[in-house]
Amino acid sequence: MRRSPAATAALYTLALLVTLVSVFPFVYAITTSLKTGSELFSTSLWPENGSLANYVSLFTVAEQPFGRHVVNSVVVSTLVVVLSLFLGVTAAYALGRISFRGRGLLLTTILGVSMFPQVAVLAGMFEMIRALGLYNRSLGLVLPYLIFTLPFTVWVLTTFMRQLPKELEEAAIMDGCSPWRIIKDVFLPLLWPALVSTGLLAFIAAWNEFLFALTFVIDNNERTVPVSISLISGASKYEIPWGKIMAASVLVTLPLIGLVLVFQKKIVSGLTAGAVKG
Amino acid sequence: MSRIDFQQINKRYGPSLPLTIHDATLTIGQGEFCVFVGPSGCGKSTLLRMVAGLEDITSGDLSIGGKRVNDLPPAERGVAMVFQSYALYPHMTVRENMAFGLKVFGADKAVIEQKVKKAADILQLTPLLDRLPKALSGGQRQRVAIGRAIVKEPDVFLFDEPLSNLDAALRVQTRLEIAKLHHDIGRASMIYVTHDQVEAMTLADKIVLLRAGEKVQTEGSVAQFGTPMDLYHRPQNLFVAEFIGSPKMNILPGRLIAAEATHAVVDVLGVAVTVAVDARRAKAGEAVSLGIRPEHLLHGEAEGAALPVRVRHLERLGESSMLYLDPQAAAASSAAVALPLMTLRIEGHASQGAGQSMQLRLRPEQCHLFDAAGQAFARTVELPA
Amino acid sequence: MSRIDFQQINKRYGPSLPLTIHDATLTIGQGEFCVFVGPSGCGKSTLLRMVAGLEDITSGDLSIGGKRVNDLPPAERGVAMVFQSYALYPHMTVRENMAFGLKVFGADKAVIEQKVKKAADILQLTPLLDRLPKALSGGQRQRVAIGRAIVKEPDVFLFDEPLSNLDAALRVQTRLEIAKLHHDIGRASMIYVTHDQVEAMTLADKIVLLRAGEKVQTEGSVAQFGTPMDLYHRPQNLFVAEFIGSPKMNILPGRLIAAEATHAVVDVLGVAVTVAVDARRAKAGEAVSLGIRPEHLLHGEAEGAALPVRVRHLERLGESSMLYLDPQAAAASSAAVALPLMTLRIEGHASQGAGQSMQLRLRPEQCHLFDAAGQAFARTVELPA
Amino acid sequence: MSSKTRTAWLFLAPMLVTLLIVAAWPLGRTIWFSFTDANLNDMGAARFVGLENYFGEYGLFANPNHTEGFWLSDWGISILNTLQFSLVSVLLETMFGLGVALLLNQEFKGRALVRAAVLVPWAIPTIVSAKMWGWMLHDQFGVINAILQGWGLIDAKVAWTADPQYALWTVVVVDVWKTTPFMALLILAALQTLPKDCYEAAHVDGVHPLRVFWSVTLPLIRPALMVAVIFRLLDALRVFDLIYVLTSNNNSTMSMSGFVRREMVDNGYMGYGSAASTALFLIIGLATVVYMRLGRMKLSEDA
Amino acid sequence: ATITISCGSVGQDFEFCKKTTEDWAKKTGNTVKLFTPPQSTTDILALFRQMFAAKSSDLDVINVDVVWPGMIKDHLIDLKPYSKGAEKEHFPSIVANNTADGRLIAMPWFTDAGLLYYRKDLLEKHGEKAPTTWEELAATAKKIQDAERKAGNADMQGFVFQAKAYEGLTCDAVEWLWSYGGGNIVDDKGNITVNNPKAAKALNTAASWIGTIAPTGVLNYGEEDARGVFQSGNAVFMRNWPYAWSLGNGKDSKIAGKIGVSALPKGGADGKNAATLGGWQLAVSKYSKNPKEAADLVMYMTSKEIQKERAIKGSYNPTIPSLYQDKEVLAAAPFFGDLYSVFTSAVPRPATATGLKYNEVSAAFWNATHDVLSGKEKAEASLGKLEGKLKQIKRREW
């Protein structure tokens, strides 16, 4: 079915507007990252004499290996997402597709975990991290990050899992699938939109986490990106190195955009079309 | 071993809902082909799904091959099922859909390939093997669902209206293939749900006719369990009599005049009709119902009691015609009661027209008789088994 | 105004796929009841969906009430549709599902209430009105889908196999209700897809038989468009002859011996059979196919050419029996060719058994004749319209 | 235990164990501390004080020193601020999220890019984006004032983050900008899993698109929408860094989390701060329960 | 032994730190690891306290803000045994600040004090002198601001300072209070003195600037915001720390060479000049595994040579009075000499008196001040409330 020209025009206008509002600050960040010195305090959207100095300087401080930090962040975030999705999917299967007593209570409890403010759990988490010997290792951040990504993934995936047609699961059961196989071969392919969405959201959440990363890692080599950015320093105490911070922000946001571009292809509609009638 | 035993199976979907299945007790022998029929919503799918293990059994025992399976997971019951709603894996091609069950089972690649190919040939799906379900027509989807079950060659087949979306030719052909499969595998039992009486009659070793509605709660779900000929010729009650056969049996209210061991005489709309049944358990004067199938009504000059009727309207089907008739009650009898239309089936092209009067003949050995509670009197003529 | 015109409609699902619908040209008059039949996957649903506006028309013109609607959105076409896959709103109760279409038109609450109630009564859904679709049986869901369409009383009804999951009794009843509805609304046109020939024959003013497979690309989708009696008695080609009628027409290979204006004589398996057709456009010696419906075959002593056959197996359906027969070719004729089984339908309970020999009689006025290309010769007997 | 239930627990086990490892100690400890007078300076000296931190003389609630009434105490103000902020921002985010998701659900050229672009606000680390907005909203050299002045929408430069009149709403706007993608992405995923055929039915029925949205789409995506809103609500009720960076930790814009942080970290009152966080936990729990009740959300509903 | 030191994250700091520690390491045969603390002072403190609470030995030497000693004294070792009297060379006020319960818990490293920056060129142009009282400042600022605005620079502001609700506002407000003789919130004995008419006058005066000579935006300004406005040429006066000097005179600065610096004005004719004391110390964590080496490093880094070098190369204010007469030092930063009295007489915030509760006191104070500045309340009312609040914070003792 075709769209009318008016509708098409409206659609593209809206898309443009949404894009503009979304990326305007980012564009601003890019231009700022090209500015240096006093020009930073000017409101002009385009740098008069743009330079890549800010970018270069990011990689030239030996004590703050920005590249290394990006790698740390990638590893940590990826691990967090993989773990969350794995644990989330299995739990969501139990919570969404099997009815047993105490399901509602369990879901509420899981949700309860993310009802404490981050600072409140900071101290306890700090002790735990040290007790587990994960202190001062970027990989050690994976565990505390699960405290906010897990409840989220479990809940979202449970909701989505619940909406898949029952008959599909039954067909798989009749085909002799174990629950794990049902999840893997039947549900996962149909959950792609949900997986990608939650995965991206969890990835970004882990990628951007600051407080834990700041507190649990003090080694310069083990830091993650947000801390790294926050530690980017100007020449003196009160000077905020805007140009460099913006350059770093641009650099760490670009991979995320790439990630979205790659994975958004999996957010497609009609995955269950043709499965059942009724 | 794939004998299936239902022992007083009950099913209730919710605590506040009435029983959906009530006291179902029946046995499907190994290698038998059993057809479930019954009105829409009577619980055929439910019963099937209980055999598959997809639905909890509220009470009663279900055993397959002598082993109680109430609590056995579906995978361990050795059954394959065609779902009424197809339940195809939407992200797999037709080929993958059919191969999946075998793959899970760990079958050899070549074997899978070959089995899928064969099933696809039978079901005329070969050109569609690489399509996703969403690009298939309704009938094609249904065929994929069938294919998925038959490649698995299980001990027990469960088919839930597997041919409802196929055209006549393909339906006959697939039906024959299923019969052949059943025959070839031999030891496999089949339970088959259908609304098509021809299918039921031709395929079944045994038919289970299930009740729907109020009476399930009082009289149980199973209205009759027997061979097709049993159900056609010896319906145990009015419900079965009316349900089996299309167009359905004509039922006329009557009053018993004489009740003998070999026959009864009934006053139907003022005409005395003789029926070949053992009516000893009833007494003259009782209200009864007389049943006769449209294809057994004779018209014009023939022996038997003559019932005057008038043609209301008629349908021509090509090879036969269907006449819908108003019985013309004799003035004396209960004319107040609105009588149902009667149906008469005539071979070939009917020459009658609406409004025309006719005389219907009812042969004693073609008539059925039911008591006031709807229970049949045993027929005394010799009937095919 | 609800006349529907198809002008050389084509449909192609993908650039690399063959045409699904090819050159469909037909006209459904206002208030006419048109039935689409054809093998599974022939494009019935596609055609229906094009009328509804859910599927783009690749080329050709579709008009409703004289207005070209190719680019009109579905909402503006004044149609109601019963989907093959039901397409119920999963979050609405049965009542809400049926009421939704009316509610969006801002119909009065009381009116909606009453219409829904009436439809529910007809479809025996009253006790289920407050259930969600997921707690319904297959047939019940289908009935909800029908209910949803009929409450809307639109100009054009589109039914895609609306009765496929209903039992015989309910099916007959619903069919009659649909017919009644059609009659009552009067000006509404209906397009109805079915696999049930009885339905097609009894409901249709016109039948469209669609082709499937290769021949669609060369000969177009529409195999024949006409009244039910046309298709039954005057099939234009072998495809139609074989498709219409169940069990399907027996087709025997033959060779023309004599070709007259009033009849032809054909050598069939060594027997000379006379056929009442105008065969002038053919020449003696040509290969032809002789067709005769199972219900038209006579057996035992009767007039007409006698064909020796042996019973392969038989099916008893209660009111009639189906015999599957091996033609016994005369030694002289082409015994090498494997001949298809022939079907014979016998009223009542057949007394024959497998292996028994019989003589079949073929009456000239019951036979059809087709040329080598499958085109029928016009029959010269008087036939019902 | 039926085998199904066993399977359920088996599949839950890894997640539950992980969550237990991760959360049990920190959370339990916080709740425990809320009943003590622990001080960050010397945790070992913590004494059990019962409900002192909640209802004692200097407790969160029923503090007799709150001469101007509870709602004017720092804690009271932070509760009000947080509720105000959460309600408005979640509401706006839900609406915009829905809109953006519906847009992204359409087929059009460049959709992939727009999808990526929409996620940008979420992808920029909060510490950066908050500062960035702070910079952009700067009254003197901020680009927002420059643009608005350029378009003639305002005539004097507005101190967005400083003026108490605007501060909270400025934070709301930035929060909406930042977290709408979260909503949009989750809603988009929900939209993509909708059954197509009942849309066709609605189409044929001639239902107006808005009506379809209201009567079909919305009910069908409701479960996912509810979950998205819950998590947004949870986040919003715990809001801290955005307010902290944008407006500093002024009383008039302080959030509950800000209060917790101030008491716990800046002031070192572990016990009191823990009590505040536990109270915050309870308030969030209450809000969630109220929300789930209002939304008639069923947790144990079957597929 | 390996010593981990936290000594600043900003570029120059970091460079110095790196170099000096390396020198020390070479000299003593130890190894040094640098820890980069967060930028914000609040964050650094939070992090340290977190680590102290966990008795973490991951940090040996830490940098300590001038207001911290009271709050973290329990976690720092006494440096007396290692200092060998070296602390006597430093400003006594700072050493006193760093002494708790008779223990020397930190060594002064560099100091800081609030200064008034002004536009020499503009003052000259409009025939004004650098103001000596706040009242003069207000008048001058207003005059120049209005004149400049009329002349086309619509964005010209009279005075910018730090009035965001954060520690910086406490610094600014302490200066106002002190300059009007309004005391120092809490006196040395721990008595709450803030609710007095002079303090109220000070705050009301400051409040009168908002919207007249200062933009409303200052209510959310930190150091950089103020510097941004000043350095882009849009402000006549600015209150800031010494760091703004070198940046303001930087190559790309619009106002390079046009900046004047003076002590902050007095509160009225009979007021005092007041500059809030800032600056950093170095200390050794009690949980350090190598306190001896760590203390040695601290002593080395706070030694005269190192402070001199830092003063010359980075214009860090030394904490050793003799260095303010050092020719090399004065050559590099001439205003060290001019403003020597400012640095020696800088007003400390009431951190020692309030000890652990300093943060709380400061927050209450800046909030009360912010309320006055933003016009929510009059100073009298606000200070009254503040007093109540401070009493509540104090409870029985600080």
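All chains are identified by letter, namely A, B, C, D and E, in their written order; residue positions are counted from 1 within each chain.
To be clear about the criterion, contacts are C-beta pairs under 8 Å (C-beta built on N, C-alpha and C of every residue); 3 or more make two chains touch, one makes a residue touch a chain.
Note that the structure is predicted; figures quoted are calculated from it, not measured.
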Self-check item: Set of chains whose contacts include both subunit D and subunit C
Solution: A, B
Quiz item: Which chains lie in contact with each of subunit A and subunit B?
Solution: C, D
Quiz item: Between what two chains do the most C-beta pairs come into contact?
Solution: A-D
Quiz item: Among the chains, which is located farthest from subunit C on the basis of C-alpha centroids?
Solution: E
Quiz prompt | Centroid distance [mean C-alpha coordinates] between subunit C and subunit B, Å | solution = 23
Quiz item: How many angstrom between the C-alpha centroids of subunit E and subunit D?
Solution: 36
Practice problem: Report the inter-chain centroid distance for subunit C and subunit E in whole angstrom, where each centroid is the mean of the CA atoms. | Solution: 94
Quiz item: When the C-alpha atoms of subunit A and subunit D are each averaged to a single point, how far apart are the two points in Å?
Solution: 16
Practice problem: Could you check subunit D for residues that touch two or more other chains and list them? | Solution: 40, 141, 195, 197, 203, 265
Quiz prompt | Residues within subunit E bordering two or more other chains | solution = 50, 53, 228-229, 232
Quiz item: Touching two or more other chains, which residues of subunit A qualify?
Solution: 1, 41-42, 122-123, 127, 165-166, 190, 230, 240, 270-273, 277-278
Quiz item: Quick one: which chain pairs are touching?
Solution: A-B, A-C, A-D, A-E, B-C, B-D, C-D, D-E
Quiz item: Hey, which residues of subunit B end up touching subunit A in the complex?
Solution: 49, 52-54, 73-75, 79-81, 83, 85-91, 100-101, 104-105, 132-136, 138, 141, 148, 152
Exercise. Can you check the complex and tell me which residues of subunit C touch subunit A?
Key: 53-54, 56, 71, 73, 84-86, 88, 133-134, 136, 138, 141
Quiz prompt | Complex contact set, residues of subunit A against subunit E | solution = 36-42, 63-64, 122-123, 126-127, 130, 135-136, 214-215, 218, 220, 227, 230-231, 233-241
Practice problem: Quick one: which bits of subunit D touch subunit E in the complex? Just the residue numbers, please. | Solution: 39-43, 58, 65, 67, 138-141, 157, 159, 161-164, 167, 247-252, 262, 265-268
Practice problem: Mind listing the subunit A positions that touch subunit D in their complex? | Solution: 1, 8, 11-12, 14-15, 18-19, 21-23, 25-26, 28-29, 41-43, 45, 83, 86-88, 90-91, 93-101, 103-104, 106-108, 110-125, 127-128, 143-144, 146-147, 150-152, 154-156, 159-166, 169, 179, 190, 193-194, 196-198, 200-201, 204, 207-208, 210, 225-226, 229-230, 240, 242, 245-246, 248-249, 252-253, 256-257, 260-261, 264-265, 267-273
